[in-house]
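In the two complexes below, chain A is the common chain; its partner is chain B in one and chain C in the other.
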Partner chain A sequence: ALFAGSRLLKGYRGGHVVIRFALGGCTNRPFFRIVAAHSRRARDGKYLEQLGCLDPLPNAHGERVAGLNLERLRHWLGCGAQLSRPAEKLLGRPGAWGPGWGPATARRGSPLLLAGLAGFLPLHPMTVTGAERLRRRRGQEAVAPPADGSPGAR
Partner chain B sequence: VAVAWPRPAPLPLRPPPAPRRRRVNGLGNPPAGGGAGRPAFADAAVQNLLYKMTGLNLQKVFRPVKKELKPPRYKLMTEAQLEEATRKAIEEAKEKLIMPPVLNEREPIDDVLAEDKFLEGSETTKYVFTDLTYSIPHRERFIVVREPNGVLRKATWEERDRMIQIFFPKEGRRVIPPVVFKDEHLVTVFQQDRHEDILNRCIAQFEPDSPDYIRVHHRTYDDIEKHGKYDLLRSTRHFGGMVWYLVNRKKTDGLLIDMIHRDLLDDATSLITLYHMLHPECQSAKEAKEGNLQGVDLIKVFVKTESQKEGYIQLALQAYEEATATSTAS
Partner chain C sequence: FPAWGPRLLPARGRKTRYDPPAKSKASRVKLPPPVDPEELLVVTERYRQHRLLLSALRAQFRAEVLQKKREALLSREDSAELQEQHQRLMAWNEQENARQRARREERIRKEEEEEKKQKLQAAENKARKMETFLQEKEKEVLRLQEEARTFITPENLEARIEECLDNPRNYNFAIDKEGRIVKRTVLS
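Take a look at the complex of A and B:
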């Protein structure tokens, strides 16, 4: 029997369901679990359901392994869950159908299965912007050092 | 042949399901050896012949597997109970002798889903995404790879097998295939006469249509045929596959001699019948159909026309006939 005001059952005011990464693992060895949880909960605390995992360190074959339970993801997105920023970058931006996005190129999630669902997984704008910024910065660095290198070589 | 795949504890085998079906009946898919009208490995007639040739040596089928040591249990039974127990043992043995499928090598996957050139250079390693939905068969699972150059493609078969083993581990299978399956190490295994063990391990490790599975099996069969160690696989579930391989490549002489030496004339006739089914255009097949030959005559016709080691087989047949003559005479 649960008493009102018991420490075990925490009641929150407001908040919504989010799909985000919960960090686990050990020192210098991160491991993320893709998790559906209340937004007010601790990052690694009690969650509603685990929807997958992501290993950010490359394995022996040079790949970063990620698993996504797409069926349950669809369920939670259907229940109105939000995505955190890194989860958006990984999966895509639901509801971002806009004139600027072109054909339904899915971001790093599964395309064919979900391209039919309304707006699930088109590309996040920050991905495009981030890539452009990176390229621009690299271009500037490539131009700048030769300009500093020759005077600095003396 | 509708077979229910057994799941005995150490080495389960799951056949590749046809689309929309979890459990496939037998060995569906394109007939091994191709060509319309050609008998396939899965046909009832072929399976019958192969099954007869496999033999049913209960002592070997129920040979003790290395398990935890327990003291033996003795039971006191009447004749009727003993017969009942033997009958049940035979049925269990039949289940253990169900042949693993023989399939063609799978086509490599090469499908690009999206190309996003502007993503190039923003990541250093590739991402592999696996769909973890529990209720879809492994063959239909989505496993995609996002390369650092922005290309989103379907994963290759090796990547697929690895990912599926990581997330849905199967007993007896490792994520990275053991080194023993390489050719130089297979030689060592064959020298120790452990063909059956390596084949069991191969079935547990690889999918039946993967190139590694086919390569290991073919190497094993070649080695057995080279040294004449046919008896190692008799009364196991691999015998049918071996006979199929040999008959398709017309290397049946050694096997025929072995059968005659062991006085297995029925098996020899089944072998030749199978040969005629698979190669109906050969000389002995036509003669056999015309004359409707049975038994030893069939073997003699086959030996005259098709075999390479005619002398050996004639000798063996002579020895067999003398043996039967003396035994009937005495």
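Take a look at the complex of A and C:
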């Protein structure tokens, strides 16, 4: 190998390994590669290893498809890689932050037994918060238009 | 400035810091997004738990990685030869250590003996010197005592003066070039 561990041919000072999304694709057609790279590298630049990919646009069946290499992910996390915010959100596991769960609830089972998308790491707090906010806003909109509808009609 | 106060300086976008702001933005007041305190509490608590979980997971993965490394190291093809070589080298190291220890102890023992001898010698020399010094001083004292007998004291003064006056001594003498001395002079 040309380099090993944290030595790069370009000499960077400091920095750490991150698992983040590298944007590729064409105009109006994004495509993300989930990549383990140094934090000081360019977003689409040289990376250490590709750990998967994500297609943000829905396919013919309305799904958004992503592929992950969990084995290597675990290896890199064990070597001390950080995660970017969207990467964390992608790898979240539902069930850790249910609406009825509180901090006193004990977690049963290890998160490692669950695999697959949104099953590798615990769910990110902002995902849950975003969902709550959306739900609240939808609830308010459901209440407000009927209230506006009937006085507006009059 | 507090986080909930208005932002006085905008973040830089297309314009550089030296471009003037647009006229339509002259009366614009940028405020940060409003924060719900209870939501903030809830979110903070969730973040804390999330980070706790993540650190635990990371520890687990780290343990796995180290385990893999360890067993890769153990199950190498030449692990038997490496072990045997390691043991040989350790035995040799032990021997070297023992040898050096023996030499060092020998040296220390010799040095201690030398030191003891030196100390004894020094003590002996000192004693001898002290003795000679004391003897010298004794002799000095005796000599002085002897001389003191012929000293002139206030009591002897009168008697000694009388004695000197009664016995005049003539110190004159004549000598010639061959070295013959003549003590008898005209005065005596």
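The rule is short, and it goes like this: the second predicted complex is superposed on the first by the 109 of 154 C-alpha atoms of A that agree within 3 Å, B and C clash if a C-alpha of one lies under 4 Å from a C-alpha of the other, contacts with A are read in each partner's own complex, and residues count from 1 in each chain.
The rule is simple: a residue touches a chain if its C-beta (ideal position, glycine included) is under 8 Å from a C-beta of that chain, and two chains touch if they have at least 3 such contacts.
On a predicted model such as this, the values are computed, not experimentally measured, just so you know.
Visitor: Looking at the overlay, what does A:A131 touch: chain B (first), chain C (second), both, or neither?
Guide: Touch status of A:A131: first partner only.
Visitor: Count the residues of chain A touched by chain B and by chain C, then name the partner with the higher count.
Guide: B
Visitor: Could you tell me if A:L77 is touching chain B, chain C, both of them or neither one (first, second, both, neither)?
Guide: Second partner only.
Visitor: What is the contact status of A:G15 with respect to chain B (first) and chain C (second): first, second, both, or neither?
Guide: The answer is neither, since A:G15 touches no partner chain.
Visitor: State which residues of chain A lie in both footprints, the one left by chain B and the one left by chain C.
Guide: On chain A, the residues that contact chain B in one structure and chain C in the other are 111-112, 123, 128.
Visitor: Hey, which residues of chain B end up touching chain A in the complex?
Guide: Spelled out, the residues of chain B in touch with chain A are 113-114, 116, 118-122, 125-135, 142, 144-146, 152, 159, 162-163, 166-167, 176.
Visitor: Help me check something: in the complex, which residues belonging to chain A touch chain B?
Guide: For chain A paired with chain B, touching residues are 52, 58, 60-72, 105-106, 108-113, 123, 127-128, 130-132, 134-135, 138.
Visitor: Quick check: in the complex, which residue numbers of chain A touch chain C?
Guide: Against chain C, chain A makes touches at 74-75, 77-80, 96-97, 103, 111-112, 121-126, 128-129.
Visitor: Taking the touch rule as given, give the residues of chain C at its contact with chain A in the complex, in rising order.
Guide: 39, 42-43, 45-47, 49-50, 53-54, 57-58, 60-66
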